[in-house]
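Before anything else, here is the set of structures, which you'll find just below.
Okay, so chain A shows up in both of these, paired with chain B first and chain C after.
== the complex of A and B ==
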């Protein structure tokens, strides 16, 4: 069983926390707003920590020092950058995955060992796949004619 | 010298004026139109309306050829981000940041911000130093308050009168600098005896100051 710390309990964070909890992982999710935890499903069996994740005290309360995996999902890129670097560089968390809201701001993660995922870029990639498949289909149709 | 400042309010405004008066080239990034207009009308700074954490705004502000970046916002994650983009992406050699949460000082330093102004700590140190403790005066504080030189006048009730330096039990991290006795400066040796009315100059870390006072003044 992995110990996973999820930062941010918005749409993305709560869904990830639910998923990991369902998969039997040991999960704690951190959010500044207590009401955000309402987004978690009733089946969620992990823990919640209410507080600002850029405060070391809060991260320690979430036991960042024990984490096998940390997933950082807030809407604010500078918060994500600070928390992910604290996890990677100060606490040697083995795997740190961070959500990039503004793709331009991903420059900061070069050579850090932090894994970045940008919903915008993922959307564009998927779209490109879809479009090229449909083009392919269109070509096939042309050929059969 | 080219400086980029990210901040708002009066402090930023006056810093811009000071730096321009010194002949530096100053750029300022601020998200508020009104503030930008004000700075543009009052100073010769290059004013960029934008988000200081965005590499594009930094580039517009001249980050490619800047020597110094100064992050002065009240948001610590933003300040860290600004300094890291400046250092890692634009190779700006000197990065300065204020921090609002005093616990962030070590984090910022470990993550590569060169100079960190811990405003909460600085103000509390300044206040402590200005609050008069009888017979004690703080003369200088060095390195943003990390080292203090203070003077203690030994009164008749001091527990160390008549004792030599060897005999008194000064805590570690305290250097007994010199003694001023009747306008004479004595460089103390281990067998120098302390007398009433001596002015003792000591060099201490701020956190050891109270201990030093206890030894030399008594409780």
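== the complex of A and C ==
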């Protein structure tokens, strides 16, 4: 069992929170808008904290100091950068994963020990795989002919 | 057509859950038999537990096994949870009544009454405890223990998978201790069982026999109030036993989330909690005024007056229902004070009943906020909050509305019940006392509830206890949903 704090309850954040809660982890999800929590499915049984994640009081209410894993998924890169560094530097959260909206900004996280994931890069990687596979297939077909 | 298929699938899931909970009830029925090594002479009664248990297990197993296996990741909504809770509670209550009938002690009405009183942790009783076998006495306490925590909480902490979150909410125990429902329910069961064991030890230390200690500890923490003695705690006439009972009753009436904060050593947050504050305030108001205006006419010495007043105040507000002596001799002031306390009741998310301290506190606070707001500038932005569990809870206006609706519904139901009592020729104060006791799942009696009470009175009380325990709305939602769905299926054929 892990204690996970998810920052941002948008499409990504809510899906991650659902998944982890279903797997039996302790999950707390933080979002500025109370209505964002409607995105969570009924089987989400963790806590929700309504507030701005850039305020330390809110992060402490989500018990950031006890987190084993923190997943930061807001739409604003500067918020993500700030919160992830608070988590890593000030509270020594063992594992911090950040969603990067603007791929160029991944520079910020170099040598910080923060794990970064960019939906854009992932999309491109997948696309490249698909294309190369299809090319491969096409080549194979040519050969058999 | 598509919708009908979806409905079919949902109801199969519902029946599956009911099956699981029914099998759990059949296992509970076997628990009193564990005491047979100590009371071997009572083996002749064991059939009255075995038969219903086997019968229930078969029904539950059929429900569970022969409904089509659904995809695993289906979760329940609050309404569907409500249907499951309603039906499995009814099954549990009816099956728990069977031992009383099979032994031949009670008829159908009385047995259902007794079992409802047990499961809803009321404590009104029509069983003659002097002649009842020990197995039956144990069974009454065990019903209260499980009824206090709730069928769903018990099952969710052990076997049920956590997709049934709607179930947890439906049983009226919505506060969560930990950020996962499974660990929350486990924590509740640990706290509850821990206190119960401590209670048994304390009772034994203060001079009760082990059998009485076991039964009274279960009944006190579940705020149930079934006793193994005719005159309840008054039988012992011992101050130390009374003090232990005070503590256990107060623990039972405290929200488990608040206990969690207390056990983690957060005393500041504990005393900031609205329910705890209101509990303390009400106790410190009602104990002295009961001493001055009512109890001092009954006893001659100050210690006796104080003891009686403290005990009856706590037993009423915690909705336990143990008592020291009869209420027949109390004057109108005392009787009505106890009625008020019984209607207010204990904490939300505890084992108590009544309107609940949280709702009263919230409405009271919102009145203060309204008065204060009147004197503030027009464009002021204010954040109203109260402390609940370990965190601040921001109060939105619909919270107050929900609480106020509940209170009004509660009072209307209360008046309706009192009217039914009056129609049977009881006096107004007796009727008000007895129905407040049933609706608030308290269990204090002014003498109406007895074996020879008319069936209509027993059924009114039975229904009152059921509504009071499951907090009205869940029952309404569930019944309306069932009717709507049936109507839909018929109209589309």
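Definition applied: the second predicted complex is superposed on the first by the 145 of 145 C-alpha atoms of A that agree within 3 Å, B and C clash if a C-alpha of one lies under 4 Å from a C-alpha of the other, contacts with A are read in each partner's own complex, and residues count from 1 in each chain.
Keep in mind that, in the parts below, a residue touches a chain if its C-beta (ideal position, glycine included) is under 8 Å from a C-beta of that chain, and two chains touch if they have at least 3 such contacts.
Keep in mind the model is a prediction, meaning the values are calculated, not measured.
Using the contact criterion defined above for the overlaid structures, shared-chain residue A:131 touches neither chain B nor chain C, since it reaches no partner.
By the document's definition of touching, of the two partners only chain C reaches A:61; chain B does not. By the touch criterion defined above, A:122 lies against neither chain B nor chain C after alignment on the C-alpha atoms of chain A. By the touch criterion defined above, A:43 lies against chain C but remains apart from chain B after alignment on the C-alpha atoms of chain A.
Once the two complexes are overlaid on the shared chain, A:102 sits against chain B while remaining clear of chain C.
Legend: residue contacts after superposition of the two complexes on their common chain; A:77 is shown touching chain B, with no touch to chain C. In the superposition on chain A, A:28 makes contact with chain C only, not with chain B. Of the two partner chains placed by the overlay, only chain B lies in contact with A:90; chain C stays clear of it. For chain C in complex with chain A, the residues that touch the partner chain are 73, 75-77, 162-163, 165-166, 168, 176, 178-184, 391, 394. Considering their complex, residues 1, 3, 21-22, 24-28, 41-47, 50, 61 of chain A touch chain C.
Put simply, chain B touches chain A in their complex at residues 53-56, 75-78, 80-81, 84-85, 88-89, 101, 103-104, 107, 110-111.
Here chain A touches chain B in the complex through residues 54-57, 76-79, 81-82, 85-86, 89-90, 102, 104-105, 107-108, 110, going by the rule given at the top.
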